[in-house]
């Protein structure tokens, strides 16, 4: 049961990340490969302020959110000049820059040594230090972000984002400030990714820069492609599949000599099969 | 009732002057046919009025407000609605949602708090009824036939209850029955005293609808006036009709 | 049809027979290795070493326990390490587990504390790893390693050194340990970092050449360390090179002819043959073999008939020992759980390692 609870915690964290990325990619059509950056910033903000200054976890969320808003705002301004594949490349650049900062700004982040001993959250003096309690916290966060996603999706703002996704000029002609609307969803998405980072840092209790590289952004992208673009349910299901499939393969009883490689092959084949039979992803509402 | 005044408007793309020092007036409350051979600058003019292009020089006056260039985001404020030559819809939104787009809240925070209100639903229902797409309301725009897409795009303009309608080839590619339907809808706009500008190649339809015709050739004004007079103009016939 | 069914049954029974059966009580050992990802070439030999050590333990008729191993891939990712540690403790219910590198060690150590499972970490750099009596680190220790490096430089009259390090955790640990010693010995130093993902080192090598220091301490992983090695070799700088343990995982030892390696014991040819290493890099496999063997010896030495296994007693036993002999050499056991071999200096000559 503990093992499943731990898997559940990771599923919640990556579910939150997938929802945040789907707001930008699925809902708005912005091919962002930079989300690992916001994930990392949130994680490090929590790690640093909790370990160095003894700040409460929930206050650290706020600090991470502020930093992510500032970074997302600046980066969003640069990214707004690009579209499609160029947007993806430039946003990947953001992930690379943030990783480099985390790796090299040793006075702040301790560089490759990482930060360990990150405490668990506490609420009104009650420590959330058991895995079950942490799972409940993560699940609540996931549920809230899921509800937020659905709320935005159903609102006029969500409808406008979908219009911008397909034809930004047309959306402008209909009176929508496309630039501002894209900026707002980008900021919101960055904050949510930071919240996932904070949960991650507190759960693992040790972070180092290696987790927050471009490959993490690509992993998140894979989750929402498999689950389905612009789908809240797809984000959750995608996270569930991509996290649990490698773990399920541990129990298949493959020979040790080739287990790791076979697991990767089976995992890759599963993804290919899903895309062959469901090119929009399992619950995709939008075709890029 | 708004009129549009174009004064010395020029727009060039590289060496090509798509609109060349054009000065015209479009009368308020009237239907103006905008005709000319292919490449004469009709759509460019419409794009300039709706802010999709910025003029190189000249001004556009709408209801006594003069602009060097129009920000397309202001079209709603200026009560201008338009359709496009290539029938632009949001393909992965439903018919309903395409109609809601031009009437929903545009300010970020307010749009976050707005869902489909009964008032909005009423307007959508009425427009769907008008354009005859009620039974298709939940379909995605990309699932509609060509004619249905044209109707939807027109419906998206109609639902705005604008004062100025810029319609770029609203009849192109339509079957006879659909042409009748669209004629009827535009007729209603005329009856309501809206300012309508139509780009169209079918002279019969132009004659039927227009109170006034403007003929462009190589971006410049060739002729303007009443349809029966303009269409008999020899230089118009030469340039446009090839006679 | 009958023939077919009989064949199937025969095959199944052969499979059943091939599984080791034992009446002895079982000790389960979990081993977490980076079997996929960047470090998989380093882990391949360790897997073989672990499996051989288990086989050796089970073929020893004097052993009271039967040993089982569960090997899992953690891909060098903290979240996977978390799941593997969880699986080991809550599902597999291992008696002991083994982790690789200090960053993974930090994650496993908290599980060792919580579940009172013996944890052996194969790495140096023990901050956050040796957090309780259940946690051990079996390798060389960073303090010993950096002292040996600094002493080598001092004893060989090197007045200046370039620390040419890949930007990762081990390098930080080395720098932290080396800097005070270099200052103490009045050895001037420059630190140059490179990234594991870099491939063009022209500017870096230029800077190193300009510094013209007496020695170059080179630490990195493949393929970057070999790319740099080739450049240093081409620029006739290789005989200034001193490597902390790098020789354990380089792909072509001949690149470093003339250089020195200081650190852990390199696997002997005899050992490599024993664990069936073919072309794989022997990297630390001797230590992984020793860790399993040591765990076996700890349980064997604390075996009491008809008494349930008590990890606290086993941990106390380990901490009460002073030393232990393994294939990598003699280990000294300290009170904080560090179980280390002496640091060995090798010179690389004609593609071979000679102890100095």
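Here the chain labels run A, B and C in written order, and each chain numbers its own residues starting at 1.
Rule of thumb we're sticking to: contacts are C-beta pairs under 8 Å (C-beta built on N, C-alpha and C of every residue); 3 or more make two chains touch, one makes a residue touch a chain.
If you're wondering where the values come from, they're calculated on a predicted model, not measured in any experiment.
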Intersection of the contact lists for chain A and chain B: none
Per-chain CA centroid nearest to the all-protein CA mean: A
Between chain A and chain B, centroid-to-centroid distance (C-alpha), Å: 43
Whole-Å separation of chain centres (CA-atom averages), chain B against chain C: 74
Where chain A and chain C are represented by their mean Cα positions, the distance between them in whole Å: 33
Touching residues (chain side chain C, partner chain A) in the complex: 35-36, 40, 47, 51, 71-73, 75-79, 82-83, 86-87, 89-91, 103, 106-107, 110, 127-128, 167-169, 171-173, 193, 195
Parts of chain A lying in touch with chain B, wherever the complex brings them together: 152, 154-157, 159-160, 162-163, 165-167, 169-177, 180-181, 184, 285-287
Chain A-facing residues of chain B, complex: 50-52, 72-77, 82, 88, 90-93, 97, 100-102, 104-106, 108, 111-115
In the complex with chain C, residue positions of chain A that touch it: 1-3, 6-7, 10, 103-104, 106, 110-114, 116-117, 200, 203-208, 210-211, 247, 250, 256-257, 259-261, 263-264
